[in-house]
Every structure is written in structure tokens, then in C-alpha cells.
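Next come two complexes, and both contain chain A; in the first it sits with chain B, in the second with chain C.
Moving on, here comes the complex of A and B:
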């Protein structure tokens, strides 16, 4: 049972890594990024390709993660440019269409180029045991990577000038402009961060199991569910909700099987949305 | 005296719809200037264009002699322009002090943040008492003070102020205006106001805007003698 919990926490951390970026991008760009899961795939494929070509595994992973960040920046600076000029419902709708289109395009290209490929990272170390429990070292590293990245993100948002500017924009974009904050540049930075965090989720997944290149949209919907439960503008909410749903998912899967688990998970989500439509956490950071 | 702001033949508006037509306005160093006019005249539009929240289509906006039409708002803050909209646009979930710190975001102000904060707290002791309170929980008058104080944290040379009396009781409005008067020893202020009485009391000069055009301007004494203008534009409210 403890192993199940640990699996759940690990999965929850990956969900959190995905959802924090989604939440930040939504808060700053007004775009619900339906291509968010593709960042995971970009990292997975890049790292998998490079390492299979004999490149050092750390370099392969870093390149993959950075590439996901670059993809985020490219999205912000090209595809989504026209969206920021719109407002209200139109902004949301056009953003949805464009990012959904992008996700479908990336999925298509990847399915064509790499049919059936899965990517995983093997750490050549024996299992470690703590207190009589056996840990796969790769899972342990995956957990550490996730926890450290999330803590760094929170520290950045709380304590740096730029982090405070991000929190300011999340609360009031016009107010931020009045303070002399360059909102466009900070939004680009947030796409970079969002891509990198999602890429790290891919690394964590590659370490603990494997990345399926066809799972982009599935990952996006998981991240969406997490952000809805956490409160779509709350970074803390995304982290807590990610952990919560990860654990619920693992425990329920263990008890009744994965298929029912997904249904139960959705019921939990519907419950939260019914009782607290703004999500568990309304505060932005 | 040098003009800190000069607006010449300015045309601006929203999405192809022009609101301002050939507006000319000048604010000199340490001057308080008011733009008054009926609802929908374009006062807010004018301030937005000066601050750069909307693009100007024709004409020139010069700050300190330099054309700034193409500068983004954050660059305008950097050179000493600041804007307090009537909506105040505070950060409701941040404390009073955090709001003020963000006001000193530009590099120029950031280096001098502690001094600025001290000055602002001295100027608005009420905000100092409430520095750890969330901005969203302040009263209307306190929020207006905070909005002005946050703008002062950028160490501005020109303060653009839209309807500072919005939603405030007359007595609160009065105290805000008293404060503004004190500020004029250090900076210039351009106010858009419907509260004609306050505008006349505080201003060195006044522009009357109607349908996006400046139809009259002058010292308050000159204008208030012109009862025609008053009755034409503001009813008999005074």
C-alpha cells in the first residue's frame, strides 16, 4: 500500500509540473494552452533520439527540456500573437482553436515520423531500500527532480522581482502596466517556464516509466483537470491538486483497476467543481 | 516655463473609431491642469493615449520635448509618466506595502525604493497604518490613496489622474484634493474630472473637452466668468 501511495505522489508531482505551466500561461496570456501536453512529448522525443544516438543522457535530457521551453517561446511569439490583440470570449476561443490545431499538427507529425516509439530513461543503479521498502533509483530521482523544480518555481515567484511581476500580472494586467512592467516580455518568459516545467514532467515520467509520443492530448486533459480542481489561476492550487489527484488515482487504480479509476477521478473533479466552482484555491500564488 | 507635456493635433480612438479630433493640450512644469467635459467627451481616452494604453493615430505627444508616440507604457513609466485610472487597478490580493513596492518596479525607482516608500508613507500616514492589509479590503478612499501612492512610487514627473473623486464621499474627495495640492511642489498633474468644483479649485489651467475636441481653455477665473460655458456643458450644478 505504501508503494501505491508513493507511485501516486510521483504521478501527482508530474501532474503538478504540467499544471503549473498551464495555470501560469492561462493567467498571463489568457490562453488555455491545449498544446501543453506536447511539451512533454517534445522533451521525450528529443531526449530519446539524442541518447539513442549515443549522446550523454544528461545532455540529452537538458536539450529536450530546453527545447520544450523554446517551443513555448515560439508559440507565444508567433502563433498566439494575434490572440493577445483580442479580448473576452474571442480571446479565449481563438486561443483554444489555435492551440488545439497546433496539438493535432504535432501529434500527426510525430505519429508519422516515429510510429510506436516510446522513450524512457534508464538509470544504471540497483534498487535502494529504505525502512524495508524497495525504491527504484530512477523513481527516486524523478521525485527529486519534480520536488526541486516546483520548490524553485515557488521561490522564484515569491522572492524575485520578476516573480512578483508575474504575480502582479496574474491579479491585474492593467495594474501591472501602470507599474511599468513589460507585460509582453514577462508573458514570453512564462511560456518559457511553462515549457520547461512540462518538459521536466516528461523527464520525471521517462525516469519512472516511459513517455508515449501519442499521449499529448491525454496529458493536456489531465493538466486541465488538475488546474480546474486547483483553481485555474492558482499555482499553489495546481501543485496541491496535482498531488491530490495523483494519489487518488493511484489508490483507486490499486483497489478497483485503472479504468474505473479514471471514472472515479472525474467524479471527484465534478464534485469539486459543483461545490467550489472557482477551484480549491482562489488565491493566485 | 518649460512644457513637460505637449499634445498636438492628437487623434486617437478604438478600432477604427476615432474619439479624439485634433486635441491640443499643454502641461508645464509643476502645473495642475484639468480636462473637464461631459460623459463620453473623451477625457479617459485622452489620458489612455498619453500613457500609451491606446495608440495615437495622428498628431504628437511630447514628453519633456521628446516625441513618445511609439513608446510602450512601461517605457513611459521609465521616463517619468504615470497614470491613475478611475478604476484604480490595484492588486487586491497583495498587501498595501506589496502594491507600493510594485509601483517602484522600474530600475530607476527600484534603486530608490526605500526612500520612496518612506516619503509615500509620510505623505499618506493612513497607508502606513494599513501596510499589511490586503488592498482589496481597503475602503474606497483608502484605495484611491493607494492608487495615487503606488503611482508616486515610480518617482514620476507627470501624474495623469482620471476622476479621483469617483465613488468617494465629498469629504473624502476634499481630502484627496488637499493631498494633490501638496504634491504640486514636486510634479505636474493632469486631471480628468467631472467634479467641476474641485477642478476649478485646484487647477492652474483648464481645458474643456467636448465630442473629442478642446472647445475652450484658460485659467479657472477666466472660465468661470463665462457662465455660458458652464451652463452649456455642465448644467446648473454649481
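Moving on, here comes the complex of A and C:
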């Protein structure tokens, strides 16, 4: 049972990483990034391939994560430019369709290049025993990577001027603009951050199990689910919801099987959307 | 964007053009040589109806349902399972399937409209529903056969004796999509269609002038879902199987592509969109997985520079010809 809980926490941390990026991008860009799962996969494939080619593991991970960040920035600077000129429902719709198209395009290329392959990042350390439980060290490293990056993100948002600017925009874009914050630059920064966070989720997943190149839409949906439960504009909410759903998912799949667990999770999400659309843990950023 | 603004000629919404197009579609099979081409044509006919359904749900009523594949899949699987397990008459199972998908679609619409969900939340709820459907199909392996799909009994198509199986099934499906087109045409010129238009431009004002917003929105989705359901069941019987590969999120993307390519609100739009996209799909079959990339890229390009759809180009050309004649 403890193993199940630990698995749940690990998965929850990955979910939190996934959702945090989505929340940041949605809060600042006003775009619900349906290509978010593809960022995860890009990193997973890059890091997995480089490390299996014998490249130093830190270098391969960094390359993968940076690539996801660059993908985020590229998306912001090119594809999504026209979206920011729109407003209201149209902004949301155009953003959704554009990122959906991008996701399909990336999915197609990946499925073409790597049919049926899974990528994992292997760490050359032996299994550790801890309080009588055996751990795969790579899973522990994955958890550590996730915790550290989430803490760094929170620290950045809370204690730096740029972080405060981001939170200001999340709360009120016009107000932030009036205070002299350059929303365009901050938005690009946030796409970089969002991409990096998604990339780190990919690293965590590659370390603890393996990245399935065909799972883009599934990962995006997971991120959506978590961010909805956490309250779509709250970073804290996303982290707590990620952990909670990770644990619930692990326990329920242990008890009733994976398919049913996912279905239960999805039903919970629909319930949250219907009865508490602001999310369970919504708080100001 | 996506406003119905068609000055001058209204070629794309003329009922005569619609009639001519369907007559052409009915004649084409006599020019075709091999069964493969007829098959492509049949799939075009099914997707024409699907795109009309999307045009009612999203185009007219502005509800972003990302679960059209699941709604039509529910009907397909319901009718397949009922005819296999209970041995019911396939046509009866089609009716039951339609009832199921209509009920599910209306329920989804009712909860989202009555809770006042914004477009994003409707998208999330329906996307979650699509995943629930997929996982249920994959999880209930003993009934649905999982990924391999469910082989369904053969359906007796009317006029089978006269035309032979292949052609009869094509004509039945074409008749179904022609009726759907007629329904759509009548809808947008009816009081109901006007009410939807009013809700679309401002739902609060619509409510104020006495339009029951919830009722109209839900009825629009119910109509769309029953079209999707019938198409799904017919598709399954036509293919001889119901498989999760067909009723997957890719189907939603395909339908939206057809809708956007053809243009919103134009009665001829879904036909143009379905013909173009299915033909492209068949021509690019050799690309394998890259077809998906192609479609994704196409969606991006269409949304960025081409939001009014092909149907509007016909109108522009017609308007141009019209005015150049007069001067």
C-alpha cells in the first residue's frame, strides 16, 4: 500500500508539473494550449534518444527541456500572434483550434518518425533500499526533479520582481499594463516557463517509467483535468490538485484497474466543472 | 469572423444549388468504375451529414462540442451490441442507437447550458467525455472487443434487389445526408433558426426578448446528436464493424476541418468541406501518419487566413460576375 501511495505522489508531482505550465500559459496568454502534451513528448524523446546515444545524462535532459521551452516561445512569437489581437470568445476559440491543429501536426510527425517506440531515460545507479522498501533510484530522482522545479517556480513567482509581474497579470491584465508592465515580453517569458515545466514533466516521466510518443492528447487532457480541479488560474491549486489526483488515481487503479480509474477521474472532473467551476483549491495565484 | 455577411449573390445558400449538388452526387456512381471509388463517395456522403450536424451544434448554436465522435460512436456501438447480443433487427437497433446518442448529447448540452459554462469549460467537459467513451470501449473488452472492434451483422439496405448491395447502401446514405441538408436548410430559415441566431449574437438580450435559451440550445444539440447517431450507426453497418479507431478524436478534427473549410452557416459549406477533405485524405493515404500532420497544418492555415471558408469564395465570384454584368 505504501508503494501505491509513493507511486501516486510521484505521478501527482508529474501531473502538477504538467498542469502548472498549462495554467501559466492560459492565465497570461488566454490560450488553452492543446499542444501541451506534445511539449512533454518532445522533451522525453530528445532526452531519451540523447542519453541512449551515450551523451551525458545531464546534458541530454537539459537539451530536451530547453527544446520544449524554445517550442513554447516559438509558438508564442509566431503562431499565436493573431490570437492576442482578438478578444472574448473568439480569442479562446481561435486559440483552441490553432493549438489543436499544432498538436495534430506534431503528433503526426512523431508517429511517423518513431512508430511504436517508447523512450525512457536511464540513470546508471543501483536500486536503493529504504526502510525495508526497494526503490528504483530513477523514480526517486524523478520525484526530486519535480519537487525542486516546483519549489523554484513558486520562489520565482513569489520573490522576484518578474514573478510578481506575472502574478499581477494573472490577476488583472489591464491593471498590470497600467502599472507599466510589458505584457508582451512577460507573456513570452511565461511560454518559455510553461514549455520548460512541461519538459520537466517529460523528464520526470522518462525517469520514472517511459514516454509514449502517441500519448500527446492524453497528457494534454490530464493537464487540463488537473488545472480544472485546481482552478484554471491558480498555480498553487494546480500543484495541490496534481498531487491529490495522482494519489487518488494510484489508489483507485490499485483497487479497480486502470481503465476504470481514469473514467472515475474524468467523472470527478466533469463534476467539478459543473458544480464548482472555479476549482476546488482556487486562491489568488 | 464567422458572421453571416453575404452581400449581393447568395449562391452558397440557394436551395437550387443544393438540389443540383445532390442530383450530381446521385448520378456520379454511374460514372465510376471500381468499388473503391464508390466507397470513397459513400464516406463523403456520411461526412456531409456529420458536418451538417457540427454546423448545427457549433455553427448555429455556438456550443463547442469536442465529443462528436463519441456521440456517434455511442449509437454505433449501441446498435452493434444490441443486434449481436439480442439479435434485434438492425434497423430497430439504429433507432435505439439514435435515441441513445440524442439523450447523451442533450444531457451534456443541458448541464452545460443550465450551469452557464463558458466555451472553455464546455470544451473540457466534452473532451473528458470523449476520453470516457474511448476508455469505456477499450476497457469493456468482453463486450466491445477493445481495439480490434466489433464485427456487426449485415444490414438489409432498401432497394438492395434493384441496385445491388454497394449501390443501394450508397443511395440510402446519400438520401440520409440529403434529408439532413434539407433539415438544415429549413432550420436556418425557421423561427427556431432565427432564435439560435439571436442567442448566438447575444444570449442575454435573447433571453430578455423572450427566447428560452436553454431549450433552444439543448434542442439544437439534440438535433445534431440524432444526426450524428444515425450517421454513426449507418457507418458501422456499412463498414461491417464498429471500431474505436473510427470514432476517435481524429474524427472530431476531421469534421471541424470540413466545417471550417466549407464555411460556417452556408448550406452548401458542409458538402464542399466533406468532398475536399475526404478526397485529400484519400489522395494523401500514402503519407501514412503524416496525414495527421497535413490535417493539423491545414487546420492552422484555415484558421489563420481562411476563416470564411470556400463557400464564401463562390459567393464572391458570383457577386463579381453579377455586378460586372449590370454595369
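Simple rule for what comes next: the second predicted complex is superposed on the first by the 282 of 285 C-alpha atoms of A that agree within 3 Å, B and C clash if a C-alpha of one lies under 4 Å from a C-alpha of the other, contacts with A are read in each partner's own complex, and residues count from 1 in each chain.
In the analysis below, contacts are C-beta pairs under 8 Å (C-beta built on N, C-alpha and C of every residue); 3 or more make two chains touch, one makes a residue touch a chain.
Quantities reported herein were computed from a predicted structural model and do not represent experimental measurements.
Peer 1: Just chain B (first), just chain C (second), both, or neither: which does A:228 touch?
Peer 2: The second partner, chain C, only.
Peer 1: Who does A:270 touch here: chain B (first), chain C (second), both, or neither?
Peer 2: Second partner only, chain C.
Peer 1: Looking at A:172 after the superposition, I want to know if it touches chain B, chain C, both of them or none. Which is it: first, second, both, neither?
Peer 2: The answer is first: A:172 touches chain B but not chain C.
Peer 1: Just to be sure I read the superposition right, which of the two partners does A:94 touch: chain B = first, chain C = second, or both, or neither?
Peer 2: In the superposed model, A:94 contacts chain C only, not chain B.
Peer 1: Give one of first, second, both or neither to describe whether A:82 is in contact with chain B, with chain C, with both, or with none.
Peer 2: A:82 sits against chain C, while chain B stays out of touch.
Peer 1: Once the shared chain is lined up, is A:74 touching chain B (first), chain C (second), both, or neither of them?
Peer 2: Neither partner.
Peer 1: Residues of chain A touched: more by chain B or chain C?
Peer 2: Chain A has more residues touched by C than by the other partner.
Peer 1: Go through chain A and flag every residue that touches chain B in one model and chain C in the other.
Peer 2: Correct list for chain A: none, the interfaces share no residue.
Peer 1: Taking the complex as given, what residues does chain A use to touch chain C?
Peer 2: Those residues of chain A that touch chain C are 32, 79, 82, 89-90, 92-94, 96-98, 100-109, 111-112, 115, 217-218, 221, 224-225, 228, 232, 257, 259-260, 262-263, 266-267, 269-270, 273-274, 277.
Peer 1: Quick one: in the complex, what on chain C touches chain A?
Peer 2: Chain C reaches chain A through residues 1, 62, 64, 111-112, 115, 117-121, 123-125, 127-129, 131-132, 135-136, 138-139, 249-250, 253, 256, 260, 288-300, 303-304.
Peer 1: Which residues of chain A touch chain B in the complex?
Peer 2: Residue list for chain A touching chain B: 161, 164-165, 167-168, 171-172, 174-184, 283-284.
Peer 1: Looking at the complex, which residues from chain B come into contact with chain A?
Peer 2: 53, 72-74, 77-78, 82-85, 87, 89-94, 98, 101-103, 105-106, 109-110, 150-151, 154
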